[in-house]
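When the chains are written out, they are named A, B, C, D, E and F in that same order, and each has its own residue count from 1.
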Amino acid sequence: MTREDGRADDELRPITITRNWLDHAAGSVLVEFGRTRVLCAASASEGVPRWRKGSGLGWVTAEYAMLPAATNTRSDRESVKGRIGGRTHEISRLIGRSLRAVIDYQALGENTIVLDCDVLQADGGTRTAAITGAYVALADAVASLKASGALAASAQPLTGSVAAVSVGIIDGVPRLDLPYVEDVRAETDMNVVMTGDGKFVEVQGTAEGAAFDRSELDALLALAEKGCADLTRLQGEALAR
Amino acid sequence: MTREDGRADDELRPITITRNWLDHAAGSVLVEFGRTRVLCAASASEGVPRWRKGSGLGWVTAEYAMLPAATNTRSDRESVKGRIGGRTHEISRLIGRSLRAVIDYQALGENTIVLDCDVLQADGGTRTAAITGAYVALADAVASLKASGALAASAQPLTGSVAAVSVGIIDGVPRLDLPYVEDVRAETDMNVVMTGDGKFVEVQGTAEGAAFDRSELDALLALAEKGCADLTRLQGEALAR
Amino acid sequence: MTREDGRADDELRPITITRNWLDHAAGSVLVEFGRTRVLCAASASEGVPRWRKGSGLGWVTAEYAMLPAATNTRSDRESVKGRIGGRTHEISRLIGRSLRAVIDYQALGENTIVLDCDVLQADGGTRTAAITGAYVALADAVASLKASGALAASAQPLTGSVAAVSVGIIDGVPRLDLPYVEDVRAETDMNVVMTGDGKFVEVQGTAEGAAFDRSELDALLALAEKGCADLTRLQGEALAR
Amino acid sequence: MTREDGRADDELRPITITRNWLDHAAGSVLVEFGRTRVLCAASASEGVPRWRKGSGLGWVTAEYAMLPAATNTRSDRESVKGRIGGRTHEISRLIGRSLRAVIDYQALGENTIVLDCDVLQADGGTRTAAITGAYVALADAVASLKASGALAASAQPLTGSVAAVSVGIIDGVPRLDLPYVEDVRAETDMNVVMTGDGKFVEVQGTAEGAAFDRSELDALLALAEKGCADLTRLQGEALAR
Amino acid sequence: MTREDGRADDELRPITITRNWLDHAAGSVLVEFGRTRVLCAASASEGVPRWRKGSGLGWVTAEYAMLPAATNTRSDRESVKGRIGGRTHEISRLIGRSLRAVIDYQALGENTIVLDCDVLQADGGTRTAAITGAYVALADAVASLKASGALAASAQPLTGSVAAVSVGIIDGVPRLDLPYVEDVRAETDMNVVMTGDGKFVEVQGTAEGAAFDRSELDALLALAEKGCADLTRLQGEALAR
Amino acid sequence: MTREDGRADDELRPITITRNWLDHAAGSVLVEFGRTRVLCAASASEGVPRWRKGSGLGWVTAEYAMLPAATNTRSDRESVKGRIGGRTHEISRLIGRSLRAVIDYQALGENTIVLDCDVLQADGGTRTAAITGAYVALADAVASLKASGALAASAQPLTGSVAAVSVGIIDGVPRLDLPYVEDVRAETDMNVVMTGDGKFVEVQGTAEGAAFDRSELDALLALAEKGCADLTRLQGEALAR
């Protein structure tokens, strides 16, 4: 009983991390988890939001969005509807929190980095792909701030790396990195964000069909630990290129 | 090293569940977790949203909001700002998902129940209080639908009960049901929603300060299991009155 | 031919004024006119809106809103609709003007008091209950400003008290303090705001069915004078407790 | 001690009512109260809003707005701000209620008439000018519905006429039809809407400076009765032309 | 084969330019192109938008809008809809650019002039009438700034004049200044803005039915040159009065 | 005196047209004009907007937007601002009109095609790149409708092809296809949309600095004719691949 795309239950989809996909942004990454394709752009600017001025601390935030044609059936633009939906809000906040978990505000100084994660094509796991790619764009932006002199060469605003993956139970079997066809069938769905040294930043598990028990939760966490470790390695390789 | 309010680390705040707080709503509960006070009102109506018409299935949804003077410093109304914030969206969605986990749509028939959870006073744990109170209001609304004949006396639209509690690590110690003063100091903060028979519906853990490891996660889950069991018992007592 | 609830035509519904209903607000009152229940919270802060800065004058304003389940049939949230309706705007402005009629801005100094009047349950007369309760919350907020030293103990920012009541003609008979069932049947409906010493602050009369003549207007005004005098006495008793 | 513009205290400003000011609208009136200039256009259409369909009853509503350059200092457009202000809402509702007081919905049949009252130049009394002009435009629209056959020649959807005027107390003296310079100085300000046969439709009195007593209220009402009678006569003359 | 209104193909509709139509605005013009009637009001104020402060340069901008009853069938208010439509945005921007083409910002100094162009009645060509009238209001506003001393008598902020006209091909024949009945039938529709000395400021041609070739384009441009020259003369006469 | 990027004055930037860039959309093209990069996705669906139902005619529309990091300095999201700007509206409308110029609605039948043009990177000429790419995506969508049977194989809903290019005068010299550095310096700027057989669909010329005369206009039109012919050839080659 294998998966539709032939993967093992604990295997990631083919992951591609293309750096410098844009010419202007301080850091930009096109990240692909299978057919899911997210453009992560890091824009760096001097100064911080008003409520933080004079604190000597930097700021990192994120915005997530989906192009209308990213999904199977075209979805309406939030700019046209005039309001941002709950799902978009929720994911933007999640990405921001995840990245801030590895930021030393003091070391960043009064600089702001905004991570724009725009889903060009969606096939499940867009938020986890976004976090994984955004970390790489963020690392490039930090390097760019150093190159431009906005940050001292010795500054270490990144205290570690961060990656994310989805896990879920399909037909009673825990699986890693769900594409859309698995996602809609999952009884339980969990997104896990972890640091490169194996600690948890976010754990968001939801019973879609039936409530899950402690042993199922443990199995999902183990799978996520495996997937995040793989992604951490791939991020490292991409940054080394 | 006791807590400011003298509680044991695995002890809930004083919990009050007052049913029938309003005259009009099908079910209404004023729920108090210490000084946190949430008014949960269930409005039942025949029919379902358009996208569900003719399916024979019911619908349950929730809206969360906070009165301006609920917090220490007055916050602006979202109606005045003209848009709902990300936090509000996120919590409304969480409450809705939590309640739907114990709903049998078929048994509910084409009826809709909306749970309005309005925070009259906030002192930490508003979303978990809201879920805990909303379940009781929902149970009363189901009874009211039966009383009015909109639902057959034999229908069982509720497949179980649901309760929620917050847990967190403060100064390295896992604690149950955090009030505001503890919440702001927590290194890790988790909201857990469970069914009355001890299964998980939602697990949302966030590293506020430092990332957390697996053993800390396990300790928090154990604490949440204890707290939800206590709340399940209190819900049962309230419904039995 | 008595009223459905057995009251005399010039008799108020049972009035309850519960002070200090909230822990955070400078003043907070749960006011009840029969089944109409309004939570009035006064938030005091140093400083005034920008257009008033440096004037040495204070500011008092009000916001009125209704919880979705306050009415018989659930009404949509204005925050969800993304705009405030005309009725809400109108009542917020009325409450603000009414309270400002008894404020000495000079004596208040550059402090701002916001009165939030949230209708928890509606059964006619929500705006008049709101004004009546908000005055008591305002008086408590002034006392709180003095207690905190933000205002000199000798300052007298309140030049008097203010109360409000609805009157209307039902089946040709003028009646005081209309509940919902009378309100919808009224040919003429009037809201009157008066000071504690018997002067008019606002008179808002509307012909719902047929236009009214001068003698009907006079009868309604007399009834309102009686009702406001009763409310003034009840406000005094509440503040004396 | 005369008024700045030389009028007696109970004298209206020069009133001009120009019918058929537009080519398209079913009725259109440019009404001038001194320098206040309001364009009132009545658009008639078959059918009624959804909530009224099949009732056999018609509908009349109104929208009030002010051009940006109508006032001394340019005011921002509400379309640009993206929301309608409380004052605009309030006046639109007042005009609508005032006109509906003289409408027999049954006789109107399932037709809708919308009255657009756009203030081209503002110098006090824009809402009372709007009501006075809108009635004439409404009468013309009814005639136009008859001419087009949408209404039977014998139908009498208008049960009377309606006019409005402002009154106020300036330096202790009650005065009729206040221009801007008097309006800002008024201690008490009242807008009164009356039918052609001398009954009240709306009485809206507001204490701007100090609360007012019953005898002041009586003096203002008497003045308003005089002013509305004068306006009723001028409306009749305009419609006879 | 003449036009419905008897004009020659290269003839403008009757043009009326009435100056000083309002009492408050620095410049105000009621401009009529046949039945199209646009009120153009210029409001002048000291200072410039924030992004221009300290530059020593002035600013000129425009806002276009249409009253609901201006068209044959009533159109909804953009303030009620809560958003400005694409067509309104587009025309406002066009008017602003057109006027700025004849402004010397340096000579204007840090003053701002806003041109409000409100269509009271629409019968084709509202944007070209607006530009033509707005220029005259702008000239009057400049004179008013000089009269009030806000601008030196010797300052020359206007470097020329500007006028606009529509041209189109109907049944294969190029025609000048299209009323609504011709506009809807035009295969090609062009709006041309020109300076008083015969240069182009804006050329906006659109194939409504079929694409047009170069010779048709040339014919339309010639017609527009003739029309703008006529309008320039009429503007001069109006300003000389 | 050559151009910064070494091109001849009448030479296009390197143009790339990559078809099938997305997996879901009926047609999708990544079009590049130098560093300008626009993703054009065509979504086809059965049925038409309500106002067109039952007419037997199809509908084609377009939406243009820019990712926040597309420009040198990050720009705010219109979804976050809650409203679409004038420029976005204007360009969306232009793209829609341009494509509709080569559509036979009858032959399309009651199908709708939406063209989403999202600028991933901006370096001048985004609207002309969008139109040029959108045509190719549209052609692919038509083929896809035929392949799926929604359209008869013999249907010819496309009556031709359409392409667009910008031209401008820099330092007195007319140039083709302006990148950002030239665009900001242009005295006159024109966007021209043409059919594959050399006719004009849209001509939008704007004097940025000084008004332009007829001979300059003629030179720009000639340059645009050359550029559109080149683009038409490149579109044909892409579609032939």
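One rule holds for everything that comes next: contacts are C-beta pairs under 8 Å (C-beta built on N, C-alpha and C of every residue); 3 or more make two chains touch, one makes a residue touch a chain.
Protein identities per chain, from UniProt: A, B, C, D, E, F = Ribonuclease PH.
Note that the structure is predicted; figures quoted are calculated from it, not measured.
Among the remaining chains, those touching subunit B and also subunit D are C.
When chain centres are defined as mean Cα coordinates, E lies farthest from subunit B. Subunit B and subunit F, compared by their mean Cα positions, are separated by 51 Å. Averaging Cα coordinates per chain places subunit A and subunit F 33 Å apart.
Under the contact definition stated at the top, the residues of subunit C that touch 2 or more other chains are 82-84.
Order of chains round the closed ring, starting at subunit E and going on to subunit F, comes out as E, F, A, B, C, D. Residue ranges of subunit E in contact with subunit F, taken from their complex: 83-87, 89-90, 92-93, 97, 101, 160, 190, 194-195, 198-207, 210-214, 217, 221, 225. Looking at the complex, you find that subunit C touches subunit B at residues 22-25, 28, 35, 39, 41-43, 45, 63, 65, 67-72, 74, 77-84, 88, 114, 116, 118, 120-121, 123.
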